[in-house]
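What follows is one structure encoded as structure tokens, with my remarks underneath.
Chain IDs A, B, C, D and E follow the sequence of writing; residue 1 opens each chain.
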Amino acid sequence: MEIIQRSSSIPMSAITPDSTSSAGHETPLIDVAKVGATRANAATGPLIDVRDLSLRFSTGSEILAAVNLEVKQGEFVALLGPSGCGKSTLLRVMAGLIHSTGGEVTIDGLEPASARKNRHPLAFVFQDPTLLPWRTVRDNIRLPLELQGVPYAEQMKAVEASLPLIGLTTADATKRPRSLSGGMRMRVSLARALVTNPHILFMDEPFAALDDVLRQQLNEEVLALSRQKQWTCVFVTHNVAEAAFMADRVLVMRSKPGAIARVIEVPFAHPRTAALRESAEFAQFAGQVNRELREVMSW
Amino acid sequence: MEIIQRSSSIPMSAITPDSTSSAGHETPLIDVAKVGATRANAATGPLIDVRDLSLRFSTGSEILAAVNLEVKQGEFVALLGPSGCGKSTLLRVMAGLIHSTGGEVTIDGLEPASARKNRHPLAFVFQDPTLLPWRTVRDNIRLPLELQGVPYAEQMKAVEASLPLIGLTTADATKRPRSLSGGMRMRVSLARALVTNPHILFMDEPFAALDDVLRQQLNEEVLALSRQKQWTCVFVTHNVAEAAFMADRVLVMRSKPGAIARVIEVPFAHPRTAALRESAEFAQFAGQVNRELREVMSW
Amino acid sequence: PMNPANQAGEGAVKTADGKTLTPVEITLNWFPEAEHGGFYAALVNGYFEEEGLAVTIKPGGPDIPVVQYVAAGQTQFGVDNADKLLLVRAQEADAVAVLAPLQDSPRCIMVQAESGIKTFDELAAKPKFTLAMNPGQPFAMYLQKKLDLSKVTVVPYGGSLVPFLTEKDFGTQAYNFSEPFNARKQNANPVNLMVSDLGFNPYTSLLITSRELIEKNPELVQKVVRASLKGWRKYLDDPHGTNTYINSLNKEMGMDILDFGVETLKPLCEPARLPAGQLGKMDPAEWTKLSQQLVEMGALEASQSAPEKAYTTQFFEAATKPEK
Amino acid sequence: MVTGPATGVSTAASQWGSYFLRTIVPPLVLFVIVLMAWDGAVRFWGIKPYILPGPWRVLSAIVSSQEELTKAFLLTGGSAVVGFSLSVLVGTLVGCLFSQSTIIRSSGYPYAIFLQTVPIIAVAPLIILWFGRGFGGVVAVAFVISLFPMIANATAGMVQIDPDLFDLFKLNDASRWQILFKLRLPNSVPSLCTGARTSSGLAVVGAIVGEFYAGYGSKHFGLGYIIRLTTDQAKTDALFAAVMVSTLLGILIFGVVSLISLTVLARWAPPEVGERA
Amino acid sequence: MVTGPATGVSTAASQWGSYFLRTIVPPLVLFVIVLMAWDGAVRFWGIKPYILPGPWRVLSAIVSSQEELTKAFLLTGGSAVVGFSLSVLVGTLVGCLFSQSTIIRSSGYPYAIFLQTVPIIAVAPLIILWFGRGFGGVVAVAFVISLFPMIANATAGMVQIDPDLFDLFKLNDASRWQILFKLRLPNSVPSLCTGARTSSGLAVVGAIVGEFYAGYGSKHFGLGYIIRLTTDQAKTDALFAAVMVSTLLGILIFGVVSLISLTVLARWAPPEVGERA
């Protein structure tokens, strides 16, 4: 898949596969010196830093309370938790789309909004596909590139490259969202995020509407891509196996009010392949996460 | 959970647990004599009979071609297949919401629309929650009962009973859909179908937006309920384990055009409990379904 | 609810001193102005009440279909012009004129003195002159027939004086007792070209009622005519009380314009040619002439024109017959 | 994602204060600027008062005939409100009827358009013949003029429905009435609000035009009467005073309708997306 | 779920035939019924022509002044179309402006309402002063009268946006212009269509009213002129003939606008839910 290369993006050679399967990711994933100035801060501290975050909607109920979390440069974090606990809301706060009513969120030391604008382009896959109904699939996917002023030919190249990745054909590309199935729409939404080659990628259940086979395929592809491009990902999912397969760290949230209840480091080395899913360790680890989730839910 | 009892509904004593784990469900699941006149035909043939069905949208592409399937009275059938293959469309055709352009669909020998009106009340859980934005959760759930003229007190009782089943609190019941999370909305949509105690229940990925724990809980509850009430269910899912756990039969669809590619009988006895999921046979069976799905997808 | 029967005449009104009065409604064709003064005078001075009538005068407005109202029985009496009466009668509206307080029409074309125009011929010869008048009104059709207006741009009369005030070579339709007064107030210097001088001179502010009422209740009609006539005499002699009343109804209608109005009205109501004591008289010859003019200009078809049915002098004659 | 989260310290008073600052102050400021520009233009180009009187002349005309204008305001306002209410009612009913079938809709729509395109001056005599002069006639004109946007918007709102919702009702064998009352009608509320905003303004124009033709009988003068008369007399300052008061009336009715819409719509529509952080 | 599946044998011809049957025939049938009822009522109650002329009288009046009416139709139609097009353009631009901030919106809206509530008679002299008599003035009146619904609907369409879509644009650092052109403007298309349907009818009324005040100068007569003329002459049948032709003009313009909307909206809006199976 060819994806627009931002000039400041990391050369492939800079990527050091992470071969530690330890619990703590204390060592930085990448060699800072080679990354360039734009990501300098990432080495010294977490890229995304959420401190004592709380949020209360004007309707009165407390949605999030005392949320603390850190995400390092290039890390893949999964958010797991009961439905309605505030995962989507937390993601939005981290992206700077909602302001918290307490605590603070910084990305590379800055407010999310200014970090996004200045140094860390960010993509977001919303829980609903949120496509523009008046645009075709192709035009929906290329929208962010269009907004960023990428030349048309490059936009089209990136879109064309993204279609097979999400399992759509060129014929589908001229359809409008109305005549797509639910899963197809969600995949288009995912492609729209991927083509931008963001520094930070937030995904809110991007694979929920997909069948297991396609889901697993996409899990693998998105993971490989995010490793290759050194994307920093926060990923909401309901699927324990998916979280275990993709993430470096799984955060389990509890609800009322939403907060991080468990932090589970994932002990598998990269690159992870389909074979990992069939392994005994994987089944065991997924079982463990499942149990923790159950415990959190029964609180 | 208390659910409105239709006068013609089957007394609990009529339910004979199905203890055969054989491949063919040749014997009717229930004792016809006790079921009452309304379900008389079900014993002699399939309740839902789809023959040589084909469908072409006015935009030209062929969505379904030569679909054949039968669903017996009280049977739980799962539809599995790649995204965009036509599962949702097939469900709509079976419910009489779209007319096919070839072949025929009968329910109890009648057109779906008249079967629904006369003898076999039908509920449908759409792939999107499709709640009325101006109604509270409670008023959304009781809508079908209201439309059917059930007295208000009974409506409320049924709604109150359904809330814990779908994991919502009484406080949630007064919210409007806008301030619910995606998963909560889908659960409300499910509850709205369940309160009607239908003869036939079509569900289009009702659990896709839920975390695994809640999903498994709801799998168990809905399955138990459908067995207890002798509902005939057709269930679209992307989750192989879910299909294996709930269904009596799994139909695997292929796409372009959509058709039934595989019919897999599920060999597990009822009642099925959480323990089944952990068993080796289950893992093996799910693996088998997964492989068949993969094969179909690679066609 | 079409055409409700003539109900306004039924139910009676009791006064404070116990007299029973018959309610009567008169609908005007315009907002209350000097041209309606006589009817108000009859009201203010109690002449209607003397006849046992409780009269309500309802103001009109632009395009108010007075003749239609009268014919349909929505009002017992109306005030409108002779040309309009003939035209609506052609649409099978059986309304009849019973009194003509204004012998001469106040209709004029008002131009700026600065334009140098003093006659209609000068107007027609003036290059780039604009004339605002409603093209369908019989006087306008008459002008267009009588004069060669090919050099003049005729535009619709929009009811506003402003274009007249802003443009020098601009004429507008007017009544000679209202618009010129307002124009002068805005420091303009208007000249009136009277349409009657060209030969088109329909009765104005006729008192009109329906044939049905005349046949059913001639006494009532007689009473209204008698009181109105008395009112008009009073108004021309001593308008002050009446004008005060009209002004009290409507602050916008100032005393100055009303007083100016009466002065202008006097020669219209009692032109030199009219014998003394004949205020309100209708001349059959005038009706025939008007009818012919309307037919000639194409506003009326010859077959529809029956001017003799449009009026009756019986009530005027009875009212002016010396007491026995 | 929908209601923004409350900001740090947000008491009811400060919320009201910010509402005030955002929605009351800017129009007032702009109003002052417009007045000043108007005054400046009149002075600079030496515009004659009978063409366009300066704002101070208009203001003093308003003050001097304050009592009369107040009465006229109330009278015209009353007719406009009654005519508007009838429009909302009848427009919604017609929308309900039109939603029942495309055949009814395509047959009936031309007559609805007729209502809109027929020049009121041409039918005013008829309307007045049918509804009588005075209040009835004025209301009738206001009603006729403001009816169409209600019909158009009510019909659109009752017909543009998420097909899934429609299917849901069909699957529950909802009757025509149930579909109407529990689906179409509530679904049309946002459209009805948009229509009402347009209609409310038209109803004021309608009442004023109605007064040109129907009047109220002696002693009762609406704004239409004042406008007509001052036009005839070229009293442009008094005319503009009456026009200002008419506009005030229009804005008032519009404002009330908007406020009601906003309250009602809090349940229905997606919120306006303005300047979120 | 959105476009219904094609029925068995559906050639283009049969589709057109069914379109014809469903959308052309019923209005025509109703029209004949209305004519008959009208005629019956006039005969039965013996309604006099000065109250309501029978349809045959009106028809014969139309036929007898056919040529004049055709010319007037074209002239008035031209002014209405130009005024309407300006409304659409300016209304959309104002909508764009109003969508930029609630402050602009709440400051500007009162002036938009002013446009709607100001009685045209009061500003006609000003309009004529600015735009001249004749075509310019008529178009200006048509424009002023039909502008408000465009502003109201354009603004609504540009402001009621799914917040997620808005967030998407913000996350990509979309500029104000990009948000305007790629989100607000396309999002407002369905509303613009609704507004255009209302405005198109108003523009016809506006052109007719404009002709009352501005005219075209001698020799060129629009429908407004004919209506004015026949009103003054109390020729009710000719008046109704002119009113009928005006309505025809309104319906024609409305029809064309609706057809364009439908074509455009095929991309945008959920389809009308009428009588699916």
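By our rule, contacts are C-beta pairs under 8 Å (C-beta built on N, C-alpha and C of every residue); 3 or more make two chains touch, one makes a residue touch a chain.
The shown structure was predicted, so the numbers you read here are calculated from the model rather than taken from an experiment.
Interface comparison, C-E versus B-D: the higher number of contacting C-beta pairs is recorded for C-E.
In this assembly, C is the chain whose CA centroid lies farthest from the centroid of chain B. Centroid to centroid, with C-alpha atoms defining each point, chain C and chain E lie 39 Å apart. Put simply, the C-alpha centre of chain A and that of chain B have 32 angstrom between them. Between chain B and chain D the centroid-to-centroid distance comes to 50 Å (mean Cα coordinates, whole Å). Annotation for chain E: residues touching 2 or more other chains are 1-3, 51-52, 121, 125, 129, 162, 164, 167, 170, 212, 224, 228, 231, 276. In chain C, the residues touching two or more other chains are 2, 63, 68, 72, 159-160, 162, 166. Each of the following residues of chain A touches two or more other chains: 57, 59, 88, 92, 97, 128, 179.
The touching residues of chain B, counted against chain A in their complex, run 57, 59, 80-84, 86-88, 127-128, 167, 172, 179-184, 187, 205, 208-215, 238-240, 290, 293-294, 297. Note for the complex: chain B touches chain D at residues 92, 95, 97, 116-117, 122-124, 126, 128, 130, 132-134, 143-144, 146-148, 176, 178-179, 196. By the touch criterion stated above, chain E contacts chain D in their complex at residues 1-2, 22-23, 26-27, 29-31, 34, 51-52, 101-104, 106-111, 113-114, 116-119, 121-123, 125-126, 129, 148-149, 152-153, 156, 159-164, 166-167, 170, 191, 194, 197-198, 201-202, 204-205, 208-209, 212, 224, 227-228, 231, 239, 242-243, 246-247, 249-251, 254, 269-276. Interface residues of chain C, counted against chain D in their complex, comprise 1-2, 27, 31-32, 56-65, 68-69, 72, 74, 159-162, 165-166, 178-179, 182-183, 185-186, 249-253, 257. Residue ranges of chain C in contact with chain E, taken from their complex: 2-3, 63, 67-68, 71-72, 84, 87-88, 90-93, 130, 134-138, 149-150, 152-156, 158-160, 162-163, 166, 299.
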